[in-house]
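Dropping the structure in here first, questions after.
Going in written order, the chains are labelled A, B, C, D and E, and every chain counts its residues from 1.
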């Protein structure tokens, strides 16, 4: 129903001749967002945006921040790109040109690459929510990667699975860009550590009419562990069908899927017994995480995912940096963000990010969770 | 060996769903000569309706399926009345474009109400039957049996009842149907309603082992088109046989050749066949 | 308002005025973003002109058009990013590639008529999408192609800048329209229209159906390839989604709204809808709640789109001003001929 | 029984029928003569509701037929057996016949009786009952077509060129059957190219030329008339 | 001029045209008549190459055109009209006619691209030809009107003009006077005479007997796909077989 309201607002805005992306008023800084707000990935985009919205509202409710002696509020300008890099590029141009944003949040690697073509020239910061390592390895001076890269996960998951589950791996991941990169990295890691990849059959999680055939191909090779993962819901289906066909082993779950959500679709925690994945926010025990979850639930009535939490803390960090430097210049912000994150009020930092690498990646601790006896347990990483 | 039989089951499951969808498409084509690109949207709406009835109204799976069938049937009739009927004398390209318009509209409406997230339709048939290693989830069996029953019921309706026979009569000779006093509008509406029911039931049967989302009809409808061309446009047995051919080709091709390319199999098959036999496999008349 | 705009278009000077507007547009625009949007609208318009050849003039609904657009984009993308070609040779290669593939698809698909052709090309379009998505060794699959070269500039002109690129696209668009205009008035264009009016009549006028249909098809796919290559050079990052069937549907909408089988229709339809879509950006997929019914209403009440409707109106206005008879008659022929019965 | 008054039919600017006035009385067998393209089929289609008259009035037993839907005309008792037969080719003979009873579908008993009567009229169809109608010979198909029309229980049966494309021997049989149907109480309006054969069984005839009725008269008058010959071979 | 030998066309098991031999002389009006379903249109389709005959030969000025595709037959000088002619409704009469001369031109895509001399020359020729044809059928005054706005009779004349623009030696006219009133029919008869006077050979299918009888030099009668008679109008009119085919019944009735 929320969508209906969005539509109504949009129509009203359009008919009244208002532009949705008004120029920045005095005492206001525009922050851009482009991401999928419709189409197959709309939910993901909305979740990302919800974290940003929450942060912006908190900042504004506190009367804004101090920018060169002036109280300044945040105005979030969000545009839909349907996950299309081309549309993301158009949107970013629009955000920069019409709203003069110092930074654009974007939650998909394809769009990040498209934006990196011109962001240095057009002078805006890319706030990339993607774990693809290459976004920060290309040396773009105005790109910040918010979540940790997945190479840490890959190593940790592989080590744990090899130790606890067995030596043979069946690859049943998704086929979209992100999943492909993940899969190739885990394959390399697995074989280099002495494991064996016995079956490879990636499937289109978003479009496939039926996973039965694909999963049975994997099962036929009797692997000890299956690599699965795309969006949580289809991942749940893959897990369910694997179990139905008698698969007893464990799962390595790619970080896009959240174990708790996967379990719900698959038909209960017992279906995902032995699954290894990222620690769902709900399992975090820290004060900062608990406080964030509580506030988020008050506001949106549901459990936040990591995409909301990371973007929430990133916007807070961004504002902290602007506050500290008295500047909205992207280069200046980029230089100050590491320190800003470290100085930030810990309640605004659920993942306890404390620094930024030279290349622009937020420094976070890699975590690992395992389903044991029907419970998600956080495991230390050696 | 079990894996081989597993693929047979899988082929039957897929073939049943494809067959049901293609059947509705072929009926409409046979009577009105409209390739209804919006049929996939009806399929999608069918799944969402079942989801709505079960989740929001809390009714039983069967009741939801019946309710969904009724809603989609009405929707299909509306399409016929409001869009295809006014276009009956237009050049053929206009039908197709109007159908695309309906498709875009229905998807947008569904997305407006339910968003584009994946949703899960749970059915009461979650058990798994194990015949000495051959695993058949109950829902899959239900799909196969359900499709079989539906096809038989449709055949009985078309062959044994006067009302059903009017559809066949209309398909075989429009003028002949007029001469014996058959009301063309009635038949057109009935045909659309049946195609809607078939799509809704197929979607409701299939949704529990799959996900429900606005774009779920795309691939299915494209394959249904492949099927009715293979089977001869307008041919009922052709639709069923074609559905099974594609279902099995995908199951076995996906297993023994490559899952990544399994969707290409159907389309490649069609391109190959049409290149050699432009009129389709079972069609009598050339086109 | 609309009629005023249209009557302007009828005048010979109007074209020049339109061109002049397009040339000064970057200076009138508030910012670079608007220029960027206009450039992308022009790119799409070129593709829509291609669709207009085969569907508007020749009467064959080609649903693989988006696929050929993607082939153009990928040819350029892969040649520049992977094979290290520079832009212009790759650009020519993209045109050749789409033309050659268009030829082969054409000779197979054009043996089919009407619905069969439409559905066949729908399948071809989908196969193109699947191949791009799955053939990872060549296309990188869903990862897409990055670091595509921008058009190499001449001297001081840098086509990675939006405005120079805009002029580059504009030049191609003007050429495309100019060629289309010349084609539609030429004997060749009239040949295509004769085929649309009926295979049998066209044949009995001595027209070789297959040769002309294939020619029209190849022309249309080359237009699509041209647009695709420009698109790749503009966005410089492409993925399998470029071959999505929705792009074909979009192009059909542009064509139909503007006016199928007309010269200004594709441009008006594309630029108009692209801008409306941008200004209703928040609607995005929901825009189909408006566009879907609009499309239906359009084919029912204005089957020839804005331009077509307008041209008819103008013609009648001119006719009614001129002395002489004005009689209206429609679809009579078929009915009366059915009554004058057929031989076996 | 059937009255047409000043009926006009236009296809756009082309006037297919001009000012047609004619009557068919109960129990009669009336023949409509005219060359190809004279407008006979248009006239029949106007009566059957397949074509809307642009002017004039068509009445059947004091009910107005103009503007009525084709299905309503059939249930009203005016049944056309069109030129070219228009059978359902893949349906069996029996199914074809039963489709004829569509407007009376609720009266199963009556239909069964009617079916027997029709099969009595065309005994050969009984053997072919389960064959697809499309597989029969031309003559047999014509029998199915007439039989199907009879199943609609017409009070007025309109036959459009039933002898078209049939061998001479079969044609003779066909006319005999038509005479029989008429004598059993069904009023018949018949368009024919076999003018003389048709006239021989007719009570009265009309001659049509260029969409107008140019002549009418009883059997004897017409048989001896040179104009009739002229209408066909333009003497 | 046009010589047909033992022409047969089977559709399925049925002979639509059965062993027809006929010789149409140049500069004459030849009519084909026959009851419904006699195979007249099929006969035309065979000659013009739309259908391929099952057996037999068709010679045009001594050239064997039996198995030539339709467009080549047209190029050799066979023009034809159809019972219905689909024209581009929203274009002018003249625009519709220009394509008629296409088969006498050779310019292709390249010529369009460079706007070659040849293209310009040929387009002018095609336009002139269209005007000439229009003038011939007496429609110069509607040249600038949309097809959608002209009358049924004018459409028929446009179809004639289209066939004439192909520069044919022989024109096949399928029911040229169907659906027009008697006065207009007379106009068409005059037009056909004019065509013959200008050196064309005319071959027509027609049902309007009074027109045929006064117009045709030679009549061929088809019935059930077979030629049952051939000759002058007078001969055909008095041929008992023809009377039988048209009027049916026994000899005594025909007497």
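Please note the rule applied: a residue touches a chain if its C-beta (ideal position, glycine included) is under 8 Å from a C-beta of that chain, and two chains touch if they have at least 3 such contacts.
The structure displayed is predicted, hence computed values, not measured ones.
Touch-path distance (fewest steps) from chain B to chain E is 2. Path length between chain B and chain C in the touching-chain graph (shortest route): 1. When every chain is reduced to the mean of its CA atoms, the largest separation from chain E belongs to A. Across all inter-chain contacts, the pair with the most C-beta pairs is C-E. Chain C and chain D, compared by their mean Cα positions, are separated by 53 Å. With centres taken as mean Cα positions, chain E sits 73 Å from chain A. For the pair chain A and chain C, the distance between mean C-alpha positions equals 38 Å. Multi-chain contact residues, meaning those touching two or more other chains, occur in chain B at positions 111-112, 116, 218, 260, 263.
Annotation for chain E: residues touching 2 or more other chains are 36-37, 151-152, 175, 178-179, 207.
In chain D, the residues that reach two or more other chains under the touch definition are 11-14, 16, 36-37, 83, 165. The residues of chain A lying in touch with chain C in their complex are 3, 6-7, 9-11, 13-14, 19-20, 37-39, 79-80, 82-86, 89-90, 93-94, 96-98, 110, 113-114, 117-118, 175-177, 180-181, 204. Looking at the complex, you find that chain C touches chain A at residues 30-34, 36-37, 40, 133-134, 136, 141-144, 146, 160, 162, 231, 235-239, 241, 278-286, 289.
Across the complex, chain A meets chain B through its residues 1-4, 7, 38-43, 46, 175, 201-204, 207, 209-210, 212-214, 216-217, 220, 231, 233-234, 236-237, 241, 244-246, 265, 267. Interface residues of chain B facing chain D in the complex, by the touch rule stated above, are 162-163, 165-166, 168-169, 172-173, 175-176, 178-183.
Those residues of chain D that touch chain B in the shared complex are 48, 50, 69-75, 79-82, 86-91, 95, 98-100, 102-103, 105, 148-149, 151-152.
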